[in-house]
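Order of writing sets the chain letters: A, B, C, D and E. Residues in each chain are counted from 1.
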Amino acid sequence: MSTLFLALLLPVFGFLFSGIAGKHLPEKITGWISSLTILGSFVLSVGIFNDVANATSGIAAVGFNFLSVGDVIVDFAIQADRLTSIMMLVITGIGFLIHVYSISYMHGDPGFYKFFAYLNLFVFNMLVLVMGSNFLMLFFGWEGVGLCSYLLIGFWYENESYGKAARKAFIMNRIGDLGLLIGLFLIIANFKSLNYTEVMAAASTGAVSTEIITAICVALFVGAMGKSAQIPLYTWLPDAMAGPTPVSALIHAATMVTAGIYLVVRCNVLFEMAPAAQQLILWVGLATSILAALIGLKQNDIKKVLAYSTVSQLGLMFIALGIGAYSAAMFHLITHAFFKALLFLGSGSVIHALGGEQDIRKMGGLKKAMPITYYTFLIGTLAISGMPLFSGFFSKDEILATLFAQNTVVWALTVISALITGIYMFRVFLVTFHGGFRGTHEQEHHLHESPALITFPLIVLALLSLLGGLINLPELFTHNNAQWLKHWLNPIIGASQESLHHPEHHTEWLLMAIAVGAFVVALLYTRNKYIAKQSIPESDAEMTELAKLSSNKFYVDELYDKAVVTTTEIVGDTLQKTDDGIFIGAIGGVNKLFGIIANGFKFIQNGKIHYYLLYMVAGIVIIMALNLFR
Amino acid sequence: MELILIPILSGLIAAWAGKWSRWIALLGSIITGVLVVTLWSQFDPTKGFQFIFDKPWFSSAIHFKTGIDGIGLLLLLLINFLTPVILLSAFGKDKQSLVFALIVAMQGALNGVFLALDGLMFYIFWELALIPIYFIAGMWGEGDRFKTTIRFFIYTFIGSLGLLASLLYLYSKTPDPSSFSWEALVAVKLSVKEAIAVGAGLLLAFAVKIPILPFHGWQPKTYVEAPSFGSMLLSGIMLKMGLYGLIRWFMPLVPEALSFYNPIIVTLGIAGVIYGAYIAIRKKDLKGIVAYSSLSHVGLIAAGIATLSFTGLQGGLLQMLSHGVNAVGLFFAIDIIERRLHTRTLNQLGGIAKVAPLFSVLFIILVFGATAVPFTNGFPGELLLLKSIFSFHAWQGIIAGLTIILCAVYMLRLFQFSMFGKANNDQLTSFGALQWHEALGMMVLVLFVVFFGLFPQTLLDISGPSIQQLQQVIEQSKEVLS
Amino acid sequence: MKSLLIIFLGAIAVLFFGIKRPERKSLPIALLVLIAALVFIPLDWIAFIHKHVPDWQIKYVPTNMLSWDTPALAFSGVLILAAIFVLGLFSKNKLHGADLLGLMLFSVCGGLLMTSFSNLIMLFLGIECLSIPLYVLAGSRKSDLGSNEAAVKYFLLGSFSTAVFLLGCAFIYGGTGSLDLDSLARATNMLGHMGIKSQLVMAGLLILMVGMFFKIAAFPFHFWSPDVYDGSPNRATVFMATVVKIAAFAAFFRLFHYAFNDIKGWWAMTIAVVSAATILFGNIAALRQQSMKRTLAYSSVAHAGYMLMAILASPFDGFWALLVYLVAYAFSSLSIFFLLDRTSNGNEGFSFDNFNGFGRTNKFGSLVLVIGLFSMAGIPLTAGFAGKFGLFNSIIGTYPWLLVIALLGSAISIAYYFKVFKNAFFGGEQQGTKLELNLMDTVMLGLAVLVILTVGIWPTVITGLQIIPAP
Amino acid sequence: MLSALIFGLPIGFLVFSFITILCALYVVTNDNPVFSVLALILTFFSISAHYVMLNAQFLAVVNLIVYAGAIMVLFLFVLMLLNLSKENEPKVKYGWHFAAVFAAGMLLIILAASLHKSSEQIMRNPAQDIGMVKSLGKVLFTDYLVPFELSGILFLAAMVGAVLLGKRDKNNETEAGDSSNNPS
Amino acid sequence: MNTDSIFSSLDISHYIYLSSVLFCIGLFGVLTRRNAIVLLMCIELMLNAVNLLFVAFSSYMGDSAGQLFVFFIMVVAAAEAAVGLAIIVMIYRNVRSTDVGLFDKLKG
């Protein structure tokens, strides 16, 4: 129990330390101490993992009573079960690597201590998110990570467009949060509790009608949409690349954005009871996956490509969730965390080496100068594209295999999405690292491999990307340790998984072959285009219509801008005018009215005795007439 | 009793004390605060009204009757916590002694409002609280301050006259020997029509003070044109009078009309939430943003209170405290900026975070508090409020929930454009560090924000039993009629 | 009675003493006389209480003409007190002769008759005794056209209203056969109980009421008052605004409550309507005035509207409410008029600009100003609020709509009362007139403020007095 | 009907009422104030005649002495003093006359209409000799002593006032009763 | 002459009518005349109407109070006339006119 809290609070210590003392200490000390707090947390997580392995029900710890008002009775309570412990390992593990990476990456930044404080705060919030034993704790973490994301995206606050991106991220997240909050209210109203265990138990008794559960699930999914950047709330994620690259790696690739997946997996009992909501998830995931992949094809900013790829991969995970393949989604979540963090960090290494350049058209031929970055990036690319035996291959395959059995159309579309993924990833990879250097001379002169603090995390993550598939090998390959993750998660999602049936083995081989085929097609096509033909991505002017559309992200941002921002401004201005005119002006109007009456009275009071006498006589007459002839 | 007298007396002394007035006022204010804390330590939440002081006053029917229950105690704590902070914010040497005198006098009057258990006494202090702020806004305000202050005064005065009329009417219905005491007024039974009429008068007073949407005409300009400490008093404390009135006086006095009024209040409150937020999004003046955000926030509180659910009342109460602290904090920060840069317009600011890191950290925590981010004080209250409104009516709850989005929009806009971005102001270099009183005041507020973000239940425990008793009272008087 | 005698004799003494001497010299005598008269009020009061005649009347004179019961004594006390303040605060240096002082004392005599009459003849004599010196006072700045105009208007309209009043008396006399309050009360009691609607009494009542409306300046019989207040010398104005108002209301109250209480249904609605109209008219008309003196004149019209409510109320409630209100009104008027008088350098009109920057130069003066205006506007913890509250409280059960109008009027009144604050406190940096207060001014102003606050914070100092309730 | 109304009345009442009203009308319509005064005196005489008919001899005499004798002479005196014998009074507009007639007429109609049956409500006790000097004097100096004395105050006040206003100040700047220091 | 004889053939209402007519004539005069002295005279006329009414009532009811009231009215009227004429004389000195229409400077 105390371990749980210790694991949770170590990052808080790091946060307070860096935030308060960090300013006055050397960078190294600040960086290492806050990294070590995460490492400590990781070590504790491993311990917890061990503990959980032995106890099927998970362990819990109650801090204090946070709120108990009416039927809102919420404890500040945390727990660790098998799902949580996996998430904790991912968060703290990758978190630690990225901390280490950042010590070097953020070297010399005036906000160095702040950066680490924010990162630690983020890890804390993320831990709250996954460790919370009730929905409100989840919401705490949920909002908290959004907040840290905001702080970190806008970390270089002098740049106003970064600030704008940060705001956009926060606000879009908040739209999702509203959905989540409504889900929470519905849960309170119908289950009288927010505790996972109680809610799930109550739900499985069937006391609550399917309609309400569907509503709850949709509301929760809206929350997940916001956090995990699904249509229509995905546009913030590419913009969030304004933040420092480690942030993109940690928050916008590996951990925070997967919170939506975590939420759905956590509530799998509910989602299983709401097929309509599952269908929604499936189609939203599919649409996101394909749309983001298409946009990713024509992006030239290395981080933007990765960002769209993240969106696309998250879509893939949601597809899995949509058909109820929770363990497959979790599997992909983990492997994706590895290779996407790797890719981001690699790109960060590249950007670092090029002094902040992010446009792949101005890179090229970095292979020689930065071998470690090159090879690790290659591993990442292969993993994400589905190179057989790499982690991504297994996790994708798991999803595709399950999908084929459920819905062939979606399967086909997903395969296309995977193909596109391969194409744009190789495009980025090849354009960046192969061919000749296209940057300035100065940059060329400074080209160098990144220091050890940067390459070390790259190597670790590369290894994980390579081997991550081992945790959930399909039964085709091995018999004694197959589907480890699935079995591990069985206590949590077991009931939901039973309905899921897998394709036959020979079908599975066929599917795998098709996936490999797609990978090979992508590889050959890009090789042909960027190595054989040495073509570089065209500039905006020479694009075809379709490419332009893709390059401009299908104008979704502009559409939002028109639909939401402009509307808001118009509404705001109109209301402002109304306010000034009617409500604030009301007293003025009344004043004028009284002024007119008062002037009328002044006119009556004209100073002439005869008029006064006449008024008085009239007064007498009226009073008497009214009274005597009633 | 002494809670009222000490501040007013120290105000009187401070008015004539010249350069010592700052310290006298602060001392008086803090002593009062300490007294409130002692009351808190002796307070037993499960009992009803405590520390009753009851002496005939105006006549045999009108008593000087004070006492607190959990609701009153919470608000007393708020006031007596905030007033010293506000004094600190005004602590610069350039201020006239009258400033401090008026601020502490206000504290006394407000204590009277929240202590009063006699209808007329409540009214009297309700009015009295208006006077210092009127002079503060008029004498040290800016712009067309006379117009603004008189607008403010007349709006609120009309409101309080409605209150007076309703109280008088209820009083005339009390059985012999007639009495103005809260219990007697609560016991009065009215027909539904009467109750609606009486309720209209009461609601007018409270709605203007809160302010609920169509009655807010006085508010934005007053906030903007009042000096910062005036805005703090207004938003931090004065608004709470209206909300408190809604809880303590409106609901129990006309329970017969609640089924008529509550949906209206909820709807108007929510309309105010959206309305205020949209305007705040477009405002360029920092104080204007906070003013409209106040409109938005209190709309939510009023709506939550009007749901009359335990959650709503508790959440409303909690949010009253939080909003008080946050609004004071925001105005404090704006004051600090304005005093140094002599402007409040968004596009003339920017880049302050670079020159004043401590300030920016304190400021951003307050901003997050106002945005109701978890682990700040704004969150639990807003959660409870939204929950109660959602239970009241799902769609209204969802619309009200938009506040968490819109609030983020304008609050972040406020913060980013002033603190982040490029520097647009040539005086920025001389921004300098916070003075001791500024830093102290801000830090106290920030501590509050964080502490009660984590442990809201400490506050809720104080008021919980009292609110339940209040609900019982309301329910009972409803039952008797039907 | 003793007070009346003292003042009458004092007036003559002052007149004689004042021949060929500056007015200043005879002022102490006048004040002394008034104070002596004031001293007899509580003495009489105690005597009255202790004799404790169950009937509310004690006849000092066998002829049933004046009755110094406790309400009469109370109003007389306020009236004399107001007169003392008028004389004390508005004393003059350079004038020759004590004629005006003497006239004022005569006028006070008339006022005392009006508070204590128990016969319509006495009421009539009282009104005239009060008014005739006032016609002169209004015109006492002989070469000033404004003063002349005020005198002519006041005189002509006043005489006209006297004629109307007398016509009313005649009808009442015809209808009831009596001029005596007791007999009138008996007669109306009979009428009321038997449900007879005597046209003569009804017509007389209404015409009489009009006469009283004129005296208290209620709409639409108030037209004289703004002009006369405006044109008269300040001292006469404030005398009219305080002493005359007190006397007129005391008389009105006494007449209608003692004589016509049993036929209240005949006249109450008219008074309610007139009260409402007066409140609205006075307050709205005051909004757009340039001259502060005129503003105050209109505000006094509005105040008359409020005080009319006391006539509507039950005798007991109405009496206390009226008394408190009169005290509040008198003292706040006195202090505000005093400040207005002193700040109007020379006589360039009485614009609000007189108070520009006032708050910056005079601490004590601004305290007086604030409290005086608050009391006028009816802000709590000033006497004005206590009075308004008493009035509102006394009619809430019977005329809720009137209360609403009265409250609306109060809200309107804020707009013009607080205009002064704009000049005095919120204005720019200009330096205001420096008040030069001598000891007596300071003491008197202090007393006035003290009274306003004491009555405001603790109205039981007045309402706790023991009275013999009216029948 | 009308003839019955008129000729059913005592001749004295008719005649003097006729004179009274005629003279009164002459007073209010004549342009020359001096004639107005004279007509008013005539009115007073006829009213005195009414008094006599009503058995109020004392008042009849007082009316003649005070009104016709003193007050009217005072009026005449002032008229002569100010030399206001004629045509310095501007004519008022025709419309104004109409308004005045209308107002006065309305009042008259209302009074008459409301009071036409009022005599039934009056206790009738026509009597005796209350209007005689002796009995009236007795009451005046017993029951009505206080008002009688007080009317003395009134007169004194009026006298002082009249003197104050009437006397011509040596210097023109008396500023009586006002605070102003500078001449107006 | 005996009151009995008067009231035997004469209703009190005739006196009421007569007085009302006189009062209204006076009122008409007050409303139409602009000479202050004539105005004062018209007011005196109104007072006399009232006096007549009082006396008539007094005689009719056999009550002396009315007649005494009339006596006091006369007294007061004299005093009032004196003061009024003094005022008129005073204004005449200033404006060389007794036209009350000239006095309309105080207004608004």
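Going forward, contacts are C-beta pairs under 8 Å (C-beta built on N, C-alpha and C of every residue); 3 or more make two chains touch, one makes a residue touch a chain.
Everything quoted here is computed from the prediction, not taken from an experiment.
> In contact with chain B and with chain E at once: which chains are those? Just list them.
Where chain B and chain E share a partner, that partner set is A, C.
> Of the chains present, which has its C-alpha mean closest to the combined C-alpha mean?
B
> Identify the chain pair joined by the greatest number of C-beta pairs in contact.
D-E
> Report the inter-chain centroid distance for chain A and chain D in whole angstrom, where each centroid is the mean of the CA atoms.
About 101 Å separates the centre of chain A from that of chain D.
> Measure off the straight-line distance from the CA centroid of chain A to the CA centroid of chain C, and report it in whole Å.
For chain A versus chain C, the centre distance works out to 78 Å.
> Suppose each chain is reduced to the average of its Cα coordinates; what separation in Å results between chain D and chain E?
From the centre of chain D to the centre of chain E is 3 Å.
> How many angstrom lie between the CA centroids of chain C and chain D, rounded to a whole number?
30
> Of all the residues in chain C, which ones touch at least 2 other chains?
Touching at least two other chains: 121, 125, 128, 132, 135-136, 139, 142-143, 151-153, 156, 160, 171, 174, 177, 199, 202-203, 226-227, 415.
> Going through chain B residue by residue, note those that touch at least 2 other chains and give them in order.
Correct list: 154.
> What are the residues of chain D that contact at least two other chains?
If we look for residues of chain D contacting two or more partner chains, we find 92, 96, 99-100, 103-104, 107, 111, 114-115, 117-118, 122-123, 144, 147, 151, 154, 157-158, 161-163, 165.
> Can you identify all of the chain pairs that touch?
So the chains that touch one another pair up as A-B, A-C, A-D, A-E, B-C, C-D, C-E, D-E.
> For chain E, which residues count as touching chain C in their complex?
Going by the criterion above, the answer is residues 12, 16, 19, 23, 26, 30, 36, 39-40, 43, 46-47, 49-50, 53-54, 57-58, 61, 63, 65-66, 68-69, 72-73, 76, 79-80, 83-84, 86-88, 90-91, 93-95, 100, 103, 105-108.
> Within the complex, which stretch of chain C touches chain D?
It is residues 8, 12, 15, 61, 63-66, 90, 92, 94-96, 99-100, 102-103, 106-107, 109-110, 113, 119, 121-122, 125, 128-129, 132-133, 135-137, 139-144, 147, 151, 171, 174-175, 177, 196, 198-200, 202-203, 233-236, 341-342, 344, 346-347 of chain C that touch chain D.
> Spell out the part of chain C that touches chain B in their complex, as residue ranges.
Within the complex, chain C contacts chain B at residues 359, 363, 374, 379-381, 385-386, 389, 392-393, 396-397, 400, 403-404, 407-408, 410-411, 414-415, 418-419, 421-422, 425-426, 458-460, 463.
> Considering the complex alone, what residue numbers of chain A touch chain B?
That would be residues 19, 23, 64-72, 76, 136, 139-141, 143-144, 147, 150, 154, 157-158, 160, 163, 166-167, 170-171, 174-175, 177-178, 181-182, 184-185, 188-189, 568-569, 571-573, 575-576, 579, 583-588 of chain A.
> Can you check the complex and tell me which residues of chain B touch chain A?
151, 154-155, 214, 216-218, 220-221, 275, 278-279, 281-283, 309-311, 314-315, 351, 353-354, 357, 361, 368, 373-375, 379-380, 383-384, 386-387, 390-391, 397-398, 401-402, 404-405, 408-409, 412-413, 416, 419-422, 454-457, 460, 464
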